[in-house]
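We just call them A, B, C, D, E and F in the order they show up, numbering each chain from 1.
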Amino acid sequence: MLHADRRIGRQALMLVLDEDARAEVIQKQGWIGCVGKVGSMDAHKVVAAIETAAKREGVIGEDRYREGHALYHAILEALQGVTRGSLQLGSVLRTVGLRFAVLRGNPYENTEEGDWLAVALYGTIGAPVKGLEHEAIGLGINHI
Amino acid sequence: MLHADRRIGRQALMLVLDEDARAEVIQKQGWIGCVGKVGSMDAHKVVAAIETAAKREGVIGEDRYREGHALYHAILEALQGVTRGSLQLGSVLRTVGLRFAVLRGNPYENTEEGDWLAVALYGTIGAPVKGLEHEAIGLGINHI
Amino acid sequence: MLHADRRIGRQALMLVLDEDARAEVIQKQGWIGCVGKVGSMDAHKVVAAIETAAKREGVIGEDRYREGHALYHAILEALQGVTRGSLQLGSVLRTVGLRFAVLRGNPYENTEEGDWLAVALYGTIGAPVKGLEHEAIGLGINHI
Amino acid sequence: MLHADRRIGRQALMLVLDEDARAEVIQKQGWIGCVGKVGSMDAHKVVAAIETAAKREGVIGEDRYREGHALYHAILEALQGVTRGSLQLGSVLRTVGLRFAVLRGNPYENTEEGDWLAVALYGTIGAPVKGLEHEAIGLGINHI
Amino acid sequence: MLHADRRIGRQALMLVLDEDARAEVIQKQGWIGCVGKVGSMDAHKVVAAIETAAKREGVIGEDRYREGHALYHAILEALQGVTRGSLQLGSVLRTVGLRFAVLRGNPYENTEEGDWLAVALYGTIGAPVKGLEHEAIGLGINHI
Amino acid sequence: MLHADRRIGRQALMLVLDEDARAEVIQKQGWIGCVGKVGSMDAHKVVAAIETAAKREGVIGEDRYREGHALYHAILEALQGVTRGSLQLGSVLRTVGLRFAVLRGNPYENTEEGDWLAVALYGTIGAPVKGLEHEAIGLGINHI
């Protein structure tokens, strides 16, 4: 069962929705995490920005593919929520401005569940013209 | 431009992430909205539950198709975030337990932008066995 | 090159958009074809209705899988235009009322191109309530 | 209910299928509309061509995002019909040559339904070699 | 790097393509695995059949969600190869007859990569009439 | 019915999974075929590499669009198995290294079924860093 106080997805979402809550949340739970921002018309740059931050902050290791694989799929799942139907940005004439958060820890009551990853994205998506945009959210969860 | 204090998507997300904030948020902004819960292996039951609540609470009118059309597409977009790739639940052996919120109002600085709809979903998705599930989020935004 | 007067897709579309033009068009070109109607919340019933009509009218043979395979993929492609993103009807709480046409013939200047199939769909898609719907179109083209 | 004589999608489709019918149709109904052509291996150029024409001809206003948002989603839905499964052109080695039409008006019997948009696309899709292509259609409908 | 002799996906594929090679392959590598057959018009029955076999044969544990989560996503990825565009069977009037294999082990040279899962599917997909079908393959790989 | 000894998809898969079996298989069945390799972050280069090889080896004719059309769709279907959800490579920061095979012949007992095409792909997909990748498979079957 998910532990009510350790819902890792909810915490990652709070990190992208509320900038002030950040530091204490991560420390309180004993979780590892990072936050950052990225704006682009290229989905691959969003992926790269999150991967770079997660490796730099030690959320995932750089020497094992299995951790990169877990993060990659969590990022793509979060991007599905942002793009809602097609993982495309500039190729269909739209751009994103996103705040991202990655959290790593065990959200389950059973300690044997080990670590999971949550990737949260929040920001705007729209035409490549300032103001012609609306909000978007995404969350990807994966075991690691 | 989106008005920093009237980000309708963020407010709808807070309504599904934090149960206590609900009533005051909706009233403070002069927005119309509703919240509710739905659990199902049928995506069409999730759609129906949200549509029924939104009509009952007066978020959309029952006599004009254009408002139902706006809500329907916002719901499907929110479900894309929850399902991340394929709008299917029981047909691929998974189920959801979701809290939903619908907000209606103008999130832009320009008053001529008129009303927009935000549909937020938060809860769990997973196997039809209690505990074999993780969190999921979704947000659909549409003009109305 | 496509022959300007034998654009098979355009002719199939005219058959679903304009009921009066039907018979003469099919005969004039020496094409084989059929038209019909189907309304359903089940995509598989739309597929079955078109397959049944096409076999009954001799547009495709019943004894060779290759012709059924060509028709099946043309139908699914036409349904993509109708559903615009997800080949689902009732499972996302929507229904269709469609007129369909299937034409078989060679639309190319080169006679060696042989027969091709065009499946056209036109009608409405929307909530399972009369009037809460809008128009939709679809066209699938395949070699046969 | 859709008004039998004001089916906006059907009219937009006739505009792309039959070049001669154009002007009188738009004027007869009191509708606003535009037609044009675009050929590209980039989906974003198709989107841009239609958006530019619609703004230039006054079909949508340039100062309100809600109208651009309505048009954008109608265009993407029409492109789903053309691409049938994946909103990609050059990235999967194919190109389109399309005639497009955008119409704005009320297709419903109820005058309170207000304006709707229809985006119709018709032309060819295929390999980036002249003649190695077949026909394609698409229609997107949205409230505005 | 993938170890040339321990390509887990290739081995799982050989298990579904060649019935005779099965037992020795699994034992030779020190891998855990299972094979089986399933035929259905319901994708959820394919998922359930593979999950049941994998748990019964001890390929994944029953008490930890993280292993079920890894297997579920590997199954869905394999089904993408079989269905090629839409994870639907009976709802678009088609059925599958599949042989499946699940293998668990480390395919990488680096022993720290730990266990991975490979789910391979091979068989036929087509109309619900014997013979009106062609072959299909799928492979899903996930860390566990 | 598929002829047990002439399963064209299985043979194409064996050609990409086992390099030694190649030549004799193609000759034994009286089939036409080709094999090759391609690595790229651009899906269109994978498509082009297979099309070029198939034309050069005489698997499909260069003068008839219907054969190119059959091959194109078989390639895209095979790529669905490799990409599992979205036909994108570099645009979502991943690359492939693939061995491909194309076979042409009649896999059915009924000689009237004529020629069919099988396109098989096998190799790796992953981050654009050597070693950060796992295996992938794909198979597309089409009548020709």
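In this section, a residue touches a chain if its C-beta (ideal position, glycine included) is under 8 Å from a C-beta of that chain, and two chains touch if they have at least 3 such contacts.
As the structure is a computational prediction, the values presented were derived from the model and not from experiment.
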(request) Please identify which chain has its centre, taken as the mean of its CA atoms, farthest from the centre of chain E. (result) D
(message) Could you classify the chain D-chain F contact as same or different, where same means more than half of all interface residue numbers appear on both copies?
(response) different
(message) Nearest whole angstrom, what separates the Cα centre of chain A from the Cα centre of chain F?
(response) 35
(request) Give, as an integer number of Å, the spacing between the C-alpha centres of chain C and chain A. (result) 43
(request) Name the residues of chain A that each touch 2 or more other chains. (result) 65, 69, 85-86, 88, 91, 108, 116, 131, 133-134
(request) Can you check the complex and tell me which residues of chain B touch chain C? (result) 42-44, 47-48, 51, 65, 68-69, 72, 76, 79, 86-88, 91
(request) Could you pull out which chain B residues touch chain E in their complex? (result) 86, 88, 90-94, 126-127, 131-134
(message) For the complex, give me every residue of chain E touching chain A.
(response) 63-66, 69-70, 73, 108, 110, 112-114, 116, 142-144
(request) Could you pull out which chain F residues touch chain E in their complex? (result) 1-2, 7-10, 13-14, 17, 77, 80-82, 84-85, 107-108, 116, 118, 120, 122, 124, 130-131, 133-141
